[in-house]
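Structures incoming, each one as C-alpha cells.
In what comes next, subunit A is part of two complexes: it sits with subunit B in the first one and with subunit C in the second one.
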Partner chain A sequence: MRRVKYFPEVMEIEAYVYTAGPVGTKWLEALKAGKLMAAYCPKCGRLFLPPKMYCPYDFEEVKELREIAPVGVVESYTVIERDFNGEPLKEKRVLAFIKFPGVEGGLIHYVKADKPRIGMRVRPKWRDERRGLVTDIEYFEEA
Partner chain B sequence: MRVGIAGVGWFGFQPEVVDYSFREMMFKAAQRAYEDAGGLDPRKDVDAFVSCQEDFWEGIAISDEFAPDPVGGAMKSVYTVAGDGLQCVGQAYMMIKSGLFDVVVVESHAKPSDIITLNDVMLFATDPISIRPLDIGNAHALAALEARAYMHKYGVTEEHLEAVVEKAHRAGAKNPRAVYASPGRSRSSSPVVADPLRDADIAKFVDAAVVVVLASDRVIRDYTDAPVWVDGAWWSTEISSLELHDWSFPVHAREAADGAYAQAKITDPAKEVGFAEVDNRYSFKELQHVEALRLAPVGAAKDLMADGAFCPGGRLPVNLSGGALAEGVPFEVHGLARLSYAVAVMRGDIKAQVDRREVAVIHSWRGVPTTTSVVVVLRT
Partner chain C sequence: MTSRNLNFKHRVAVVGAGLTLFRSRLQETPQELAWLAARQALDEAGLTLKDIDCVVIGSAPDTFDGVHMKGEYLAEGAGGIHKPTVRVFVGGATGVFVPIAAWWHVASGLCKRVLAVAEEKMSHAAKPHPQYVFRYIWDPIVEKPLNPNLIWIFAMEMHRYMYKCNVKKEDIALVSVKNKRNACGHPSAQLCMPNITVDDVLKSEVLVWPVQLYDISPTSDGAAAVVLASEEEARRITDTPVWIKGIGWTLDTTHWTNRDLAFPEYVRRAAEMAYRMAGIDNPRKQIDVAEPYDPFDYKELHHMEGLGLARKCEAPVLTREGVTQRDGDLPINPSGGLLGVGNPIAAAGLMKVAEIFWQLRGEAGARQVKKPVYTGLAQAWGDLMQAGTVIVMGI
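Our next item is the complex of A and B:
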C-alpha cells in the first residue's frame, strides 16, 4: 500500500559548490597556510569572524584581513551525546563557540577536552594536510 | 483602520498525518477557517492570500507555485513569504492597513514527517563556509550552545528547566491538539542529548496546517461577531552569521516585541498583557522569550516561573497550550499555532485558566540556526 501512497525522492543537495567570496577566499587560503585571520573594517576598526566583504556593524566594504593570535576562549560549549534521532554517538564530541580577544564574533568548532569549561583558553590543532576549509583546524585544545 | 482576525482553522497536529499530502492539509485547514469566518467564499470574498513556507521543508523547488489553489487562491493575488506564519500575519496587517485590501488569508503548512534527513536539512541553514564543513551530527547542539551561555550568565539551573517542562506537559494535557503532552514526564530521567539539553528539553516535530482570515474593521462584522484585533505585528532578524549573534539572549525577540508593543501602545507589558503564547521549542527558550518580551526582568523569569507566575491560573499565564513542547514544532506553522490557540482562548472557545484575556502577546522564533523572531499583540 505504501508504494502507491508515497513517492520517494532524493534531493540532489550534495551538488553545490559555494563561493567563499573575495574576503572569504583570503581567509580560507590563510587557514590552508596555518594562520588564523579576521576581517578588518576600515571604518569602525573592528576585527570580526567569520569574515565577510561587508562590516555587519556599519556596512563598510571590507578589503583587509589581519592575522590574530590563535588563542581563543571558550564562550559556550556542549557535549554532544546523541545524534538527531536520539541514538547514542560512538564517541561524545565537544562543540564550542570560541571567541578571540579583541575580535567580534568567533568560531564554532570542536574542542578536545575531557572537562571543557567556559573561560577555557584554547588553541587550534592544525591538520598536516590542509585544503582551505574551516576543518583544516582538526579541533581546538587547551592552550 | 484596525485589522482583526475573522476566522481560524487548523488541521493535523499529529506526528505523522498519513493520509493527506501537505496540499490537502492546507485545504482542510482552509475549509475550517472559512467556515469559522461565517462561511466566507475564498473565490469571491478574499482580496489576497499570503503563504509562509520554505522550499527545503517542502522538498519542492519554487514551492510558492504550490500555494494558491489549496486555499482557494488560484488566479488571485497570492504572496509567499519565506518565514514563520506570524510574518504572514505581519504582511496581511500591512496590506489591510494600506487600505488596498479588506480581506487577506494567511496560511502555513508543514509536514516534517515527509523528511527523512531532517538534521541535514536543518544544517543546510548554517553558513556553508564557516559551519557546514564541521558536519555537526545534531543540529540541537547549536541550541545547546545558546542554552549554556544563557544559563551560565543568569544562573539558570536544570531545576528551572524542569519547571518549564513540567508546566508545558501539565498545561498541554488540557489542549486536545497537544499530542506530545505527557503530564508527569520526568525531565531528569530523560537522556542527555547535548548538555545541558536533555531529550525532554527539546520539542518534537509535528505535521500541521493553520489558516487565518484577517479583515479590516470596515468589513469584519460580515464574517464574525467576535473579532480579535491585531494591534501590533513586528519582526526582527539579528544577523546571518550565528557566530556574531548574542549567544546568551534573543535580541531579535526583544526587538520584535518592542516594535509590536509600540504599535499597540503598550508601555508596561508585564502589567498590561493578560497571557502569552511564546516559542518554547527548547525549554530554556521559554524563559528567554518571557524576558525578551518584557514579561519579566532579564534573568528573573526563572524565579517567577518557580513561583508559578506563568502557570495556568498564575499572574501572567505563558503557554496555556503547553507550547511547542506539548504540541510539537510544525516548522513555519509554529507562530500560527500559538496565535490560533490564543484566539480561541480570547473568544472563549477554549476554557483556559486565565483571568485576563483581553490582551495577549504571541511570539515565534524560527528555530536554530535562525535569529528571527516575530511578535504579535492581540486584543479583544
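Our next item is the complex of A and C:
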C-alpha cells in the first residue's frame, strides 16, 4: 500500500540560549578585546582549548586564562565546495584545524588562503566590530 | 522470601556521592555541571579520575541542553574520555537507571570502580518553554493532532486517583508542603519554602485542573554523581560502604488510555524485581526511608502505593498522620524531593539515590531522619510516564 496519510509538523524548541560558563565567558570577552587565550590548569600546568572550568586531563578546577601568541599551525584542512543542500558555493571556503604551540587542543576555523597547506602558519584576521563570539575572528590568514 | 539466586559475580557498593546546586538557571555549561558533581563524588570517595575504570552517564532528552549526542558531549566532564563510557536514557526514570546500569558494570565483573553521572540543563531550551520538548512524545495518529501538553496526563492521573481513592486536594497538598519544607535542610535546594501551607498550595494558580502551580516541581539545571565499587574495592575505599541490594526496572505501554491511571503498575513490577533480589517481602516494615519520585505531589502517594510502602489508597492517610515526615515512622522524601530540591530530570533521580546514600551513612546533616535507618529505597519514573526504576540500598 503506497498511499498513506502524512502529518506535517515543526519540531520542539524554537530558540536555545546557551551558557558559555564562567571560563568560557572570560575567553569570549578576551576575543572581544582582540586577544586569544587558553585555559590554564594550575595542577599540571597545561594550557588547553576549548576553554572550560575543569582540566580535561586531571579533573582539576580551572579559573585562569592565559594569553597565547595568536599564531597557529594548520594540522589539517578541507575545502568546502557545496552548501548544506548540496548547492555549489560561489566561493569555496577552507576550514582548518589549527593548533597553537604549547597548547593542548586547538580551534576549528576558516582560513583564507589561495593555496592552503598542512603546516602553514596562520594568524587571526579580527573583525572591526567584535561581539564576544568565536566569529569575532573572521578567518585565519597566512602569518 | 529469600533472595533469588541471581547470577552475578560481585556485590556492589556506593562509596561516594556529589551534587551541584539545583537552580532554574546555572552559569556553568552542561559539561561543567557534570564535572562539578563528578569531582565531588570522587573527592568524597577519596579517589581520583585515574582510579575509575568505567563511566555511566545519564541524561534526559538532548533537546533540553540543546546538544545532540548529549552523552558523548557530557563524557569529558563526566570523566569518561578514554574509558568504556555509555549513556543511558529512560526519560525521567534515567536518574535511578544510571546507578542500575553502573551496578551491572560492576556486578558482572567487567569494572571495579565506576563513576555514574547524571546532568540536565533545562534552561538552555529557552523558548517557548522547556516542556515543549514533550510536544512530540505522543502518538501521531490519535493524540498529536489534539496538541497535548505533558501536564494533561498528570491531571488525568491525579483526578482518577482522587476519584478512585476518594482523596481530597488538601491531602495531596500536604505532600507539597512537606517536601518544600524538607528542602530547607538541603544545601542544593531550589524551592525551600519554610512557611508554606496547604492553603498556599490550594490557592496557587490552576494550570490544568486539578493540577496547580505548587503541585508541580520546577524546571531546573543541575548534576549529580555517585561512585560505585566492587566489594573488595569498596572495603578498601571506605569503612561505611552502602550496598546496592536490589535493582528493578519496567516499562508499561505508552498509551495512557491503556494503563491503570490510579495505580502505577510499572512501579509495582520494578519494585517486585528489586525486592526479590534484596530479599524484601514486607517493604512497609523492611524499608526504613524512601525517596519515591515526586515531580508532582500526588505522584509521591501514587508511587508509595506502587512500591508497596502503603496499601492502595492508604498513602494519603499515612501522609495526614505524619508517618511520612522526617521524624515519622516511614520518612518519605526527607531530601525535599523534586518538589523542594528541584527537578533537573536525570540529576533529580540520582539526587534521590545520593540522599539514600547519605541517610544510610548518617551523613544527611539537617535532613537526617530521626529513626535509625538500615535499608532505603529510591525510585524514578519517566519516558511517556510509563517507565519505572527502583534501587534498594542497605548497610
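Definition applied: the second predicted complex is superposed on the first by the 134 of 143 C-alpha atoms of A that agree within 3 Å, B and C clash if a C-alpha of one lies under 4 Å from a C-alpha of the other, contacts with A are read in each partner's own complex, and residues count from 1 in each chain.
Assume contacts are C-beta pairs under 8 Å (C-beta built on N, C-alpha and C of every residue); 3 or more make two chains touch, one makes a residue touch a chain.
The structure displayed is predicted, hence computed values, not measured ones.
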Message = Looking at A:15, would you say it contacts subunit B, subunit C, both, or neither? Reply first, second, both or neither.
response = second
Query = Which of the two partners, first being subunit B and second being subunit C, lies in contact with A:135: first, second, both, or neither?
reply = first
Task = Answer with first, second, both or neither: which of subunit B and subunit C does A:24 touch in the superposed model?
result = both
Residue contacts with subunit A in the superposition, subunit B compared against subunit C = B
Inquiry  = Under the stated touch criterion, which partner chain does A:110 make contact with: subunit B (first), subunit C (second), both, or neither?
reply    = first
Request  = For A:84, decide between first (touching subunit B), second (touching subunit C), both and neither.
outcome  = first
Message = Going by the contact rule set out at the top, does A:52 touch subunit B (first), subunit C (second), both, or neither?
response = both
Note = Both subunit B and subunit C touch subunit A at residues 9, 11, 13, 16, 18, 20, 24, 52, 56
Remark   = Note: in the complex, subunit A contacts subunit C through residues 7, 9, 11-22, 24, 52-54, 56, 58-59, 61
Query = How about subunit C: which of its residues touch subunit A in the complex?
reply = 25-29, 31-32, 35, 38-39, 42, 48-49, 63, 66, 76-77, 79, 81, 121, 123-128, 130, 132-133, 135-136, 140, 144-145
Footprint of subunit A on subunit B - complex, ascending = 18-19, 59, 118-120, 122, 124, 127-131, 133-134, 136-142, 144-149, 152, 191-197, 199, 239, 241-244, 247-248
Query = What does subunit A use to touch subunit B in their complex?
reply = 5, 9, 11, 13, 16, 18, 20, 24, 28, 48-50, 52, 56, 75-86, 89, 93, 95-97, 104-110, 118, 133-135
